[in-house]
Amino acid sequence: MELIKDGIRIDGRKKDELRDIKIEVGVLKRADGSAYVEWGMNKVYVAVYGPRELFPRFLRRSDKAVLQCKYNMASFSVDDRKRPGPDRRSVEISKVTRGALEPVVLTENFPESVINVNIEVVQAEAGTRCAGITAASVALADAGIPMKDLVPSCAAGKVGSEIILDLCKEEDNFGESDLPIAMIPRTGGISLLQMDGLMTAEELEEALNLVKKGCKIIYEKQKEALRKRYKGDDHD
Amino acid sequence: MTEVDLISHIERDYILNLAKKGEREDGRGFDEYRKLILQPGIIKKAEGSCLANLGETKVLAGIKVNKGEPFPDTPDQAVMTTNAELIPLASPLFESGPPKEDSIELARVVDRGIREAPALDMPSLVIKEGELVRVVFIDLHILDSDGNLFDASNRAAVTALRTTKIPVLDEEGNPTEDLMPLPMLKTPVSCTFAKIGENILVDPSQNEEKVLDARLTVTTEDNGYICAMQKGGDSQFTVDEITDCVKKSIKIGKEIRKTISDLIKKEGL
Amino acid sequence: MELIKDGIRIDGRKKDELRDIKIEVGVLKRADGSAYVEWGMNKVYVAVYGPRELFPRFLRRSDKAVLQCKYNMASFSVDDRKRPGPDRRSVEISKVTRGALEPVVLTENFPESVINVNIEVVQAEAGTRCAGITAASVALADAGIPMKDLVPSCAAGKVGSEIILDLCKEEDNFGESDLPIAMIPRTGGISLLQMDGLMTAEELEEALNLVKKGCKIIYEKQKEALRKRYKGDDHD
Amino acid sequence: MTEVDLISHIERDYILNLAKKGEREDGRGFDEYRKLILQPGIIKKAEGSCLANLGETKVLAGIKVNKGEPFPDTPDQAVMTTNAELIPLASPLFESGPPKEDSIELARVVDRGIREAPALDMPSLVIKEGELVRVVFIDLHILDSDGNLFDASNRAAVTALRTTKIPVLDEEGNPTEDLMPLPMLKTPVSCTFAKIGENILVDPSQNEEKVLDARLTVTTEDNGYICAMQKGGDSQFTVDEITDCVKKSIKIGKEIRKTISDLIKKEGL
Amino acid sequence: MELIKDGIRIDGRKKDELRDIKIEVGVLKRADGSAYVEWGMNKVYVAVYGPRELFPRFLRRSDKAVLQCKYNMASFSVDDRKRPGPDRRSVEISKVTRGALEPVVLTENFPESVINVNIEVVQAEAGTRCAGITAASVALADAGIPMKDLVPSCAAGKVGSEIILDLCKEEDNFGESDLPIAMIPRTGGISLLQMDGLMTAEELEEALNLVKKGCKIIYEKQKEALRKRYKGDDHD
Amino acid sequence: MTEVDLISHIERDYILNLAKKGEREDGRGFDEYRKLILQPGIIKKAEGSCLANLGETKVLAGIKVNKGEPFPDTPDQAVMTTNAELIPLASPLFESGPPKEDSIELARVVDRGIREAPALDMPSLVIKEGELVRVVFIDLHILDSDGNLFDASNRAAVTALRTTKIPVLDEEGNPTEDLMPLPMLKTPVSCTFAKIGENILVDPSQNEEKVLDARLTVTTEDNGYICAMQKGGDSQFTVDEITDCVKKSIKIGKEIRKTISDLIKKEGL
């Protein structure tokens, strides 16, 4: 399969082009904050609960809130039905998601408490962890949790000998490498970073630059979605 | 907990006093359903799907159809499995009570309505008797829980099933490129009632569910037969209350069935 | 299979006839209250423990006792060996059993406490949930738990075009519908009601009337079993 | 918990002081068993069954026999599995300690006695070597627990096995209408002792078990061989105590074996 | 297979001869006490943690420490890969190991506490529970837990018509019986005793005597290992 | 917990202040690894094994190779599974936090380095395409945990794989008496960095791990390609920090790879 030809990717995008992204805020009633992201074929809901008292007590921190993240995929979200419930992959993604969000949440404002971030992927096609983190930071803001910044997230990767932004399914499956990243725009810091596949140090630098560009666009979409929600500016 | 228990008593008094005056918190009549919005086909990865909004309650049903062995005691029937996933999205972790019990009951009540109608023509989904049949998975994801998960799940599941497309198989049982709908015989519709004091309200909200004394779900099928019932809650119903709920269920069932059929026809699904 | 012919059922009973029912009280030493029911081929033990302090604490209610019911089937109780431990069916039956018993137990007398009702089916052949509830209310009385009434329970169903009482195995497997009911004789209220299979509204009314008749007989047997136990009237 | 620990010390003192005087709470001698009542065949759905009453302790054993694959390392042996189900019937939920550990030990000790005797002629239950054998499930349900579950379970299991009837298979391995008993070679009988202070009592009651220092179960077979032993509890036995218990076990084993055989003969099972 | 011929066993040992045993103390840094035993092909690590506060609280004893023992086998420790995690066998061995060690540990010195003994078998070939107990009592001493004695442990068995000490794999698999024992040398008491297979009362006495001899040798090795550790006498 | 949290702040200040002066608790330089001792082949029951000591951290890797079915979507590839067992040996039970999460992350990071390099020639371990392949189990047992389990596990796993011997199969797929090594293409080596305040240290100790702000593991292969990365911890890295860590990882990777190869050559494994 030729994944890229004359700079045009298999799904018609350019190397530095994101898939279509739509972010909605406040989509769930019961949650304290929520968001919904459509990103290419990906569809992801996030609900935030808290800050609340944490039980069991021995998990509490006297100096800050505990941030609990849970990433889950619906059994019907992928081509072959997935057995319901957490698997090893989702446990790992839950963990790195927490690491991606922690740097921006002012957990020290809420000692003894817990903040729950629940990410539910109802349709999946490459890039769900980035979509989840992107939605989660918006849902945290919607819940009124004080934060230093939002956290846009997207992947870069290598396909053939090209570094590209925001891998689609075929690029993820048949490309050389995948590099999901989350960025904190105000500091330029990177709070999620995973990689698998082969890449040189130079290619990594190129990929990080590309991701920075992508995250800037996503960041604007996040802010716009929040503005819409709170300014009543609800027409599309 | 004392404080929690106290609050729940205050909430109960509030809702009960409203009910005594013939009123509900959200202004509905006792026999009035919240607005139902159905969005079939929104999950492309599933053979069928539907997002049901019942007021603020949101349930997403996904249908996946595989092939597998039949159960030994029903070699001439397809296999159908209904699962309701307790996802923390719709319920913060700290909440007390055994949630697993609730999600199992939910899945089984929705399943029974569909199975007993019967909604699906199970024998026609056998590929080779005793050896290979279609396996239909109904997965219910509760996205937002504002009461009456039973009926929201029923609407989501039934609409998803009616809009499911599966590949036609060739003579050797291999999938072709042609698609066919699931062979649906009926459209079972459930109606859930809450008894609060002496009052019986249809389609209880989250707050009404929290304070109800007893719950009754009646599922009826296209010909007006009851196909499943389930009483819940810690109190009792009189025989008259039950027969009254059944009559209302038959009437409401017809209306909802029409809504679903109209939608499917309108969208050409 | 012809399940009913000239008003006579496959096991020789009339439409409104119960299977043989035997109730014994106080059959277990360690439990605070206990009962044993033989009902056709069904054999069911019930043990009641409590009221006792409930752990973990966060499950406690400050306004009443928590009633915990557990229905279990022995692996050898059915033709094909059942895997030990709870399955989805037994979880649901445990739940509706609690709902059937709650209305009569004066749980408000015992805040912060738990009352455990443990139902063990050692032989099963149609109607075990009704047998369990029938035995459970007797065992609760044996434990000295204050109650408003006993709770007799039995099923009705439709076989061919007939409404019949207390389905046997063949009627359960091959009949049109099954309607397990628990009644509270003093109020005439219904505290367990489930149904599967097809039935009209009129047939349902007929079935409820039939069940009422059956529950009346079972109620007498329950009271008689308790009298025997507490009057020392122990000869059969 | 402090109160609980205190009560347990008081109970211990009481039973220990009785023992020092050569007495037991229920008036038995140190070497005296409680009354054993065996009711074989009471579960018609099982191929074999027995309700054993040892004093107030009640254990119900059920035997189910299926067909299945042998273990790869014993292609010429049937499969036997013993399971003791912790059912809440016999133990309120709130009790502390890891009950799973206790039920696993119980099942394994009962199993070892039967397996090592050996009670069952395992090679004769092979249908096709390496491929298909009988699978014998021994399921133990504790209905009432008034001490010495080991011996009550042993009696229930062994009597159930000796009265089990399974279908004779035809040449192709399909069941015929004829029934045959399980091929039993031996009747292993266990004897359980409790050490309380310097005293050793047979067949401990629930109260004696709660305060015992150490426990010893010795299982012997028809020819007087020991076939299994298990020490329990937090203290130690002297060599003399062990050899003394073994001698008593051989003697008691003979008596119980006769009781079981007489019952089976009398009832024509 | 002829397991013994002219008094010489299949692996060349005499009837009363132990396999090679090597005991090391203090092999793990993080544990409060630790030991490593090589015994024939068996390789066993033990770590002791505690005494520490016990959670959850309701497990605490006001009159003594709770001794928690955990026996585990590495998945690669046996010829056919074992599924990771506890099975029924390891649960039982954990339990009898606790019973073997309890009589010597002065648990009454540490009410409300827990002492954890974790036994990890990384290579197994007959006799791992005895090796584990032997190592565990040394690790407890290394942790500074006050004890009345060490607990040497080894098995005897019957092979053909001979009573032999310390069964190897073939003797365990094809011999008549296996009798793992733990002894408390100062009292002569027996704190672990299990047996399977056939043996007469007389053979049992002979076996117990043989084990006593074996345990005496192991006891010396235990004490030597501790001396080495605490006298800095660290050359082999 | 307050006390625990306080202590952790004091520990953090201590290590942070040392780092500001360019120092570490154990006297190492920021880019200095602790001593690595590798003992391959110590588990005879496993096809391959290695005990890796990294300072006081001890990880034992065992390799078992079975036969089994390939995954349906990769019929032309062997199966490789990496498991890190949380054994209580290395961590007292009372410690807070979800350890399962940690052991899953550990296993997956080690696995990814090996899989993506790729270290193993997976197609060459297929016995019959789509039907039968070698199944390689990498099991990691943490015996002592003094920090940087990632790198210790990587060294143990990679050395164990490189010294694994499996039976050569005959034409029918049955094992012969001849042994062959696993077909190894690469030796991926991971490097783990801890960020504490503004300082970045390689190979963090247990104490350093407890107080770190962020963690980065970079795995590189023989040609200097990065094959896996994983950021951990609750803080962030700058792009410069990452590229700097990558450069160091490539350099350190080369050295460790040489150490492993020299050892294997020297010991003739």
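Every chain is named by a letter (A, B, C, D, E and F) in the order it is written, and numbering of its residues begins at 1.
Operating definition for what follows: a contact is a pair of C-beta atoms (placed from the backbone, for glycine too) under 8 Å apart; a residue touches a chain by one contact, two chains touch by 3 or more.
Keep in mind that what you see is a predicted model, and the values were worked out from it rather than measured.
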item: Those chains which touch subunit E and also touch subunit D; value: none
item: Shared interface partners, meaning chains that touch subunit B and subunit C; value: none
item: Centre-of-Cα separation between subunit F and subunit D, whole angstrom; value: 48
item: Distance from the mean Cα position of subunit E to that of subunit A, given in whole angstrom; value: 51
item: Where subunit B and subunit E are represented by their mean Cα positions, the distance between them in whole Å; value: 58
item: Centroid spacing, where centroids are CA-atom means, of subunit A and subunit F in whole angstrom; value: 27
item: Two or more partner chains touched - positions in subunit B; value: none
item: Of all residues in subunit E, the ones touching two or more other chains; value: 55, 58
item: Chain ring listed from subunit A, with subunit B in second place; value: A, B, C, D, E, F
item: In the complex with subunit E, residue positions of subunit D that touch it; value: 1-2, 5-6, 9, 96-97, 100-101, 104-105, 107-108, 112, 115-117, 214, 216, 221, 224-239, 242-243, 246-247, 250
item: Interfacial residue positions of subunit E with respect to subunit D in the complex; value: 57-63, 88-89, 91-92, 94-96, 98-99, 102-103, 177, 179, 184, 187-201, 204-205, 208, 212
item: Of all residues in subunit F, those that touch subunit E in their complex; value: 42-46, 49, 56, 58, 60, 62-64, 66, 83, 85, 87-94, 137, 139, 141, 143-146, 206
item: Of subunit A, residues touching subunit B in the complex; value: 28-31, 41, 43, 45-47, 49-50, 52-55, 68, 70, 72, 74-79, 81, 84-85, 114, 116, 118, 120, 122-125
